[in-house]
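Just below sit the structures, each encoded as structure tokens.
What follows is a pair of complexes built around subunit A, which joins subunit B in one and subunit C in the other.
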Partner chain A sequence: MKRRRFGRSSPTLLEEQIKLEFHNSEDLKQKTIQLNGLTLTLLYLDDISDRMVIQKTILSPLLTISSEDTKIIPTDIPDLIPMAAVNNISDHSTISRHLMDGCTVLIARDTTEDHVYSVKTTYSVKRSPDEPVNEPTISGPRDGFIECIQDNKALLRAHLKTSDLLFEQHFVGKDVVTSISITYLQGKASETLINEVRERITQIEVDYITDAGVLEQLIERNPLSVFPELASTQHPTKVANALLEGRVALMTDGSPTVLIAPTTLNMLLQTPDDYYFKWIPASLIRLLSYFTALISVLLPAAYISLISFHHGLIPTSLAVSLSKTREGVPFPSVIEAFIMELTIEILREAGVRLPKPIGSTVSIVGAIVIGETAVSSGIVSPMMVMVISFTAICSFAIPNYQLSLALRTIRFFFLFSASILGVYGMLIAIFIVTTHLIKLRSFSNPYMEPFAPIHFKRWKDSFIRLYYRVGKRTGI
Partner chain B sequence: MKKGVLIFFSLQLLFLTACWDSNEIEDLGMIMGIGLDYNESEEDVFSMTNQYVVPNNIEGTQFGSSGGDPYQNITLTGSNFFQIIRENSLETDRPPNYTHLKSMVLTERLLKEEPLKQLISFFLRDHEFRRTVAVFITKESSADILAVEPTKEMFPAVQLKELTQNHDRSLYVQDTLKFGEVSKKITEGASFVIPEVGINKGRIRLLGAGIISDKSEQIVGWLTPEEIAGLKWITNEVSGGLVAIKKENSEADQAVLEIMKASTSIEPVLKEGQLTIQLKVKSSLRLAEDWEIKRDVFQEGWEKELKKQGEQVVKEEMEHVISIAQEQKLDYLEFGTWTSIKQPAYWQKHHKDWERIFSQLPVTIDVDFTLTGYGTQDIN
Partner chain C sequence: MQTNQHSLPIIIFFISTIIGVGIVTLPRETATIVGQPNMWISVILGGIVAFINALFLFMLMKKYPLKTVFDIAPELVGKWIGKLLNLIFVCYTIAISAYIIRTMAEIVNYYLLDKTPKFVVLLVLVLSCMYLVSTGLSNILLFLQLYFPLILLTFLLLTLLSIKNIEPTHLRPILYMDGIDLLRGVNSTFFSFVGYELLMVLSGQYRLTRWKPVVFILGISIGSVCFIYVLFFILNIGVLSIEELKVITFPTIEMAKAIEFQGFFFERFELLFLFGWIITIFTTLTAYYYSAMLGVCKTVNCKKSLLMNAIIGLLILTLSLVPSGITELFSYGTYLNYLSYASLIAIPLLLFLFSFRKGAMK
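What follows is the complex of A and B.
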């Protein structure tokens, strides 16, 4: 962090120093008033401070008093301002941070020293806490985090009304300082976990952080893995649940995304909805999300290995009709699969990037191009279209977008292995990925828990979700 | 750095294989059925018919422009089967693939000339053949059998195999004889029967069965469909069908009983050095068709007469099959197998002499029927 020393020894006045730090920016406003022998200087950033609040809560009370005939000493200032939060700033290096938070800084100078106070007079434009677009839920709370860390903390407090909820503030960034809050429930989260998170945060050496996604990559320890080491969400309920399980959440100022550490594969395949419905249908939905995760990784690879290597494993009537539909397709099935996968991925990206009003065009063009023309022109076989689109739909059904992204990536690895060595290659790929997952640690916590290492008691909240009396929420 | 280069080159080994061993499904000559036959020629002793799938002629899919059969039979001759298969490549661009083989047809002529063990040697050794292939024997030429236009299935070979699926509907249909069982029986050194197919009015029809001897491993005789019924009762293979009581058995009109459940136990009993086979048949049946006017099913004891007559019919069928088997001295009734399991000491001592023992083996048959009802309604 850039630190400059201000103090009495400085040749110029404190306010001049601050102005210099802001390069005499025009929106840094200064107002000096004389209060019965006391010089009071107000500093605030014009655009992010509310002038009406400054007028009502600082200027008018002080000016009323100054018209009386009492002597005002600097330490009286907090008592004179009718605001709850008047902070005494003893470390003058933090003045600029207070200014940037929208506070008004009061410098009261008497003969011996500068007394600095900050009063919160923030004025900012904020989004309302709407439901997160990429994490819709069927039932349950619909609020979502926004870009302001204070409001996010408030949202979380509203969900977790307990005095054990602690926010630990940290500042990261050399050029631009971003505040990050380590959030946990005292007594639930283990001390070693909190220490590890704290340690990783303090180790960050970076100029600035733009989003929680950047923070995630800065504190993870497996940069070569495709699997997310921290779960990210915009749902206060998800964070609240994670905190209750003894996890730690990281809030980043300016980002609606909150990171949760540690994470497990099991956790990434769960949705809050799983807990809101009765356990039998909820368990079936849970099983379904495991199934779709498997399908989205393995189906194209399995299809390729069956039709180009192990024809004997296909039921006869299917084999006959497959060989009929593949008749006249100019490419080997591997190339065909890659063409289709690429098309789907491009369509998907195009759908994300395009503005919403034109977005539907992509799906129409995509559906016609892929579904109709590609087949009737004989570039791909109908079965391949079915396999690839079913895989794509399965990957949409995965609850967590980070995980869906990771599985999309390794799907190509599986496809590639299967195209070289068939089922054998697919098994090698499964072996490699499984080994990697078992070895993976998220903040010293095994990624595949409770499957490896096995904790049978925790399986009641994995493939299935047992009813509440038996299966309480499991910890990490 | 050095490690990186090493990893890079090791990975190249994987990629350099390219799509090694890959073979697209549309480039396969899928074969559904094969027929082996004897050829009247000095040079090429055998002929072999391969039934290929012709995917383009399959109807009902998107590009349906079919004309012609969805299959093609190619019959070639040669002095051994492997050679004939390789000769197929002279006439078809798609190499034959036997992973979807459904049925195999052998001919009487072939099995009279050559032992089965040698005939199927190639097919047992090759990895593409499944042990579930259905095996048949015919008195016609195998090429003719495979050329019969199927009526309900797409391929003649599939229709052939599906026919034996009806073994739970009729006593005359033997269960599918799988290729794996043939190899098992040969290894055991037991006699067995192969289902017989023939052509009836341009349609494929299951007939009786051909008997393969354990000594020569050639065909030595035939069983009629009625004898198949007896054989099924003896070997505990009955799972459905009917028992018809005709005039000669009863004083009244005929009646037909449907078999609901049936089981047979074969018990070799050793008494004072003398082996006896005890067959106990237990079956539950119901009245399916009745031509007798006088019978009143609402009277208690209506089933007594039927039960006795039905038991008699089955007992006679079984006795008939046992007598012809003993006459031929061929144990395709599995008596030897059961003796070796239940009386191992006796079998150890006498199995070399089994042929003689079998031909004089006393067999007691005990048939026990339970008549469970007369169906949903009786109009008397």
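What follows is the complex of A and C.
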């Protein structure tokens, strides 16, 4: 759609042009009133504007005044309307955006000129800021972002009561314009980082953005990587923490997900909960989440390589009991592992797609029918079922869903290399993956920080969380 | 370079480069030459010689900041002789890479994958190294930093778990000196410190011009490697005894094999140790691989490209497949020592002498 330019010089009236831009849509309402000395035209989109507000705050005060004998000039209009924000629109091309935000646009026309004002009269249906479904917390704030960017900003303001919090608005999209807000704490976030984010946002050329996930893929620079270049969350506290560390958050209108840049692997393995508990249990939980991440990637590969290449390294008694459970299994252990992995992945995807009441059926079918029966009929060994399901549970324990997706993907790479070259193949695969991670930059920030480059001082908030970090954040 | 923060990556670079094959084969080599429980003194002497040599190399490189040995050789001795010297240095780095990965392949074949052909074992290693080298020096340094704590942890675990296996009688007589033998041992221990010569390559990107930080870096790197070697020598002698050391091909791994876990998923420690050790081999390979590539690119004036990378990888791979068995491999080791003498002492000395002549001419 081409954007039309508005101006007095064009032949038709301004309101006619706007109506034309909206293709004379039914819900674009127009009301013209005559005041002393000028014509006032109100334009609003019926469904997203609150008629009561329009009547109370715009129409009735103006009509009251016009019944008196004073002459009104257009520049008086903002003073006559009892609303906090009456914006003067000088660039007429932005009128349609104001209308779509639910504003009422006032066109005050005297003999010489059009004066355009917009008044916020938004009426919208929103859900309440409930706890995000995929990021539950044990203690700590339970609010979550919703689909409205204004409310999200309000939530963030409520968590970060500082004048340094800045929102920088950008508009992205050719067909449908989406507003995106670059959020940072002045003085905490570095200027180069903000510039880089700004530059990537302005470089976006796309028809429309439906969700933060789309935005994430548009501004990342490593499309071939499985690892997320930006952290995404629906928790205001998580965003607040990130901002305090000097990171930048990106809010997308219409999406409850907020992106955080830059991110590190370390950051993806943390939860806000870690900071709410005492440091010793919190450190143990951190260690556990690192451990589960490792397990979820390496366990099937390690099991395969021990079973099929290095029997000698397993203790004899364990080897005997393992080989007993594998008796009568018709497949080599590699095939067995791939079958089980695939089954688990399918079950997991089915569980996500199904509505909640039926979802439990999947787990019953998965656990009893597939697990139990497959073992008792001798298709897979019980040990393999145990290994694979333990791996799956470990990958559920990873705090960040994007990361857990990435680790699920590379798990197959490890499984494959272990099935060819055993432990040695696994090690080579580890080299390749870590080389990739080392190479990876999230907004010019090394992904493996603080492990590479080594910052021993920051290790105290990595796989452990030491005491004196409470209430104090040391930036990225 | 003044602060710790900046010298740490370089210290890690040197330590990861120096530690490699030596840690598993050196005890045997030294035991056959020295043959007494105090042979760790040879290691210290070797370390001192290496340190002095490293200082000498720095003396040369200090005159040419932000230049590698490959840049200054053509400048000092003329274009073609300089290129020849560069080629010798590149040959040395390729040969040493081939030697260490072949030794690793022997060990992998012996302890982990007895049926897999060496070609496959080496190919995947060189390919993954090729990927790392293609990411550039700064990323290589990051990679080394990531694995450095893991390597140290493996060594620490091995030390702690081996202590209870030590037979104190093996270590006696303490401080019985046989000067001549100890000095002869230096000849072999010195080569296990090889890796610091990459100072001449690293100086291209890192401003190493002042004495104090460089002496600090070299001292810490060679010193800590020396410490680790001495520790492992004592452990090796204590656990296996001198007589056994002389006949065991890879004593340190055998030492790790002697550790047994009761009631755990894997019985022996050697798997964990091999994990850590293969990492050190990989880091050493990476450092030499990178130097070889840089050398070739500087000598024939081409950009670092994937093709160049692949050619170097292919050269290392082919060269590493030349020896037919482990005995032949170790006999190639002596030729490698000659190459080391040439690159560590002869070339720098030549360049150093010429640098005076050039200075006088100006």
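Simple rule for what comes next: the second predicted complex is superposed on the first by the 470 of 476 C-alpha atoms of A that agree within 3 Å, B and C clash if a C-alpha of one lies under 4 Å from a C-alpha of the other, contacts with A are read in each partner's own complex, and residues count from 1 in each chain.
One rule holds for everything that comes next: a contact is a pair of C-beta atoms (placed from the backbone, for glycine too) under 8 Å apart; a residue touches a chain by one contact, two chains touch by 3 or more.
Computed from a predicted model, the values in this text were never measured in an experiment.
Looking at the shared chain after the overlay, A:Leu318 reaches subunit C, while subunit B stays out of its contact range. Touch criterion met: A:Pro446 reaches subunit C, while subunit B stays clear of it.
With both structures placed on the common chain, the touch criterion links A:Thr435 to subunit C but leaves subunit B unconnected. Once the two complexes are laid over each other on the shared chain, residue contacts for A:Phe309 go to subunit B and to subunit C alike.
Using the contact criterion defined above for the overlaid structures, shared-chain residue A:Leu59 touches neither subunit B nor subunit C, since it reaches no partner. In the superposition on chain A, contact of A:Gly422 is made with both subunit B and subunit C. Legend: residue contacts after superposition of the two complexes on their common chain; A:Arg326 is shown touching subunit B, with no touch to subunit C. In the superposition on chain A, contact is made by A:Val334 with subunit B only, not with subunit C.
In the three-chain superposition model, subunit A touches both subunit B and subunit C at residues 309, 314, 316, 421-422. Residues of subunit C that touch subunit A in their complex: 8-9, 12, 108, 112-113, 116, 120-121, 124-125, 128-129, 131-132, 135, 139, 141-143, 145-149, 263-268, 270-271, 274-275, 278-279, 282.
Here subunit A touches subunit C in the complex through residues 306, 309-310, 313-316, 318, 421-425, 427-428, 431-432, 434-435, 438-439, 446, 448, 451-454, going by the rule given at the top.
Only residues 307-309, 311-312, 314, 316, 319-329, 332-334, 375, 382, 419-422 of subunit A touch subunit B when the two sit together in their complex. Remark: subunit B residues 14-15, 17-26, 28, 30, 32, 53, 55-56, 58, 61-63, 97, 99-100, 102, 128, 130, 154, 158 touch subunit A in the complex.
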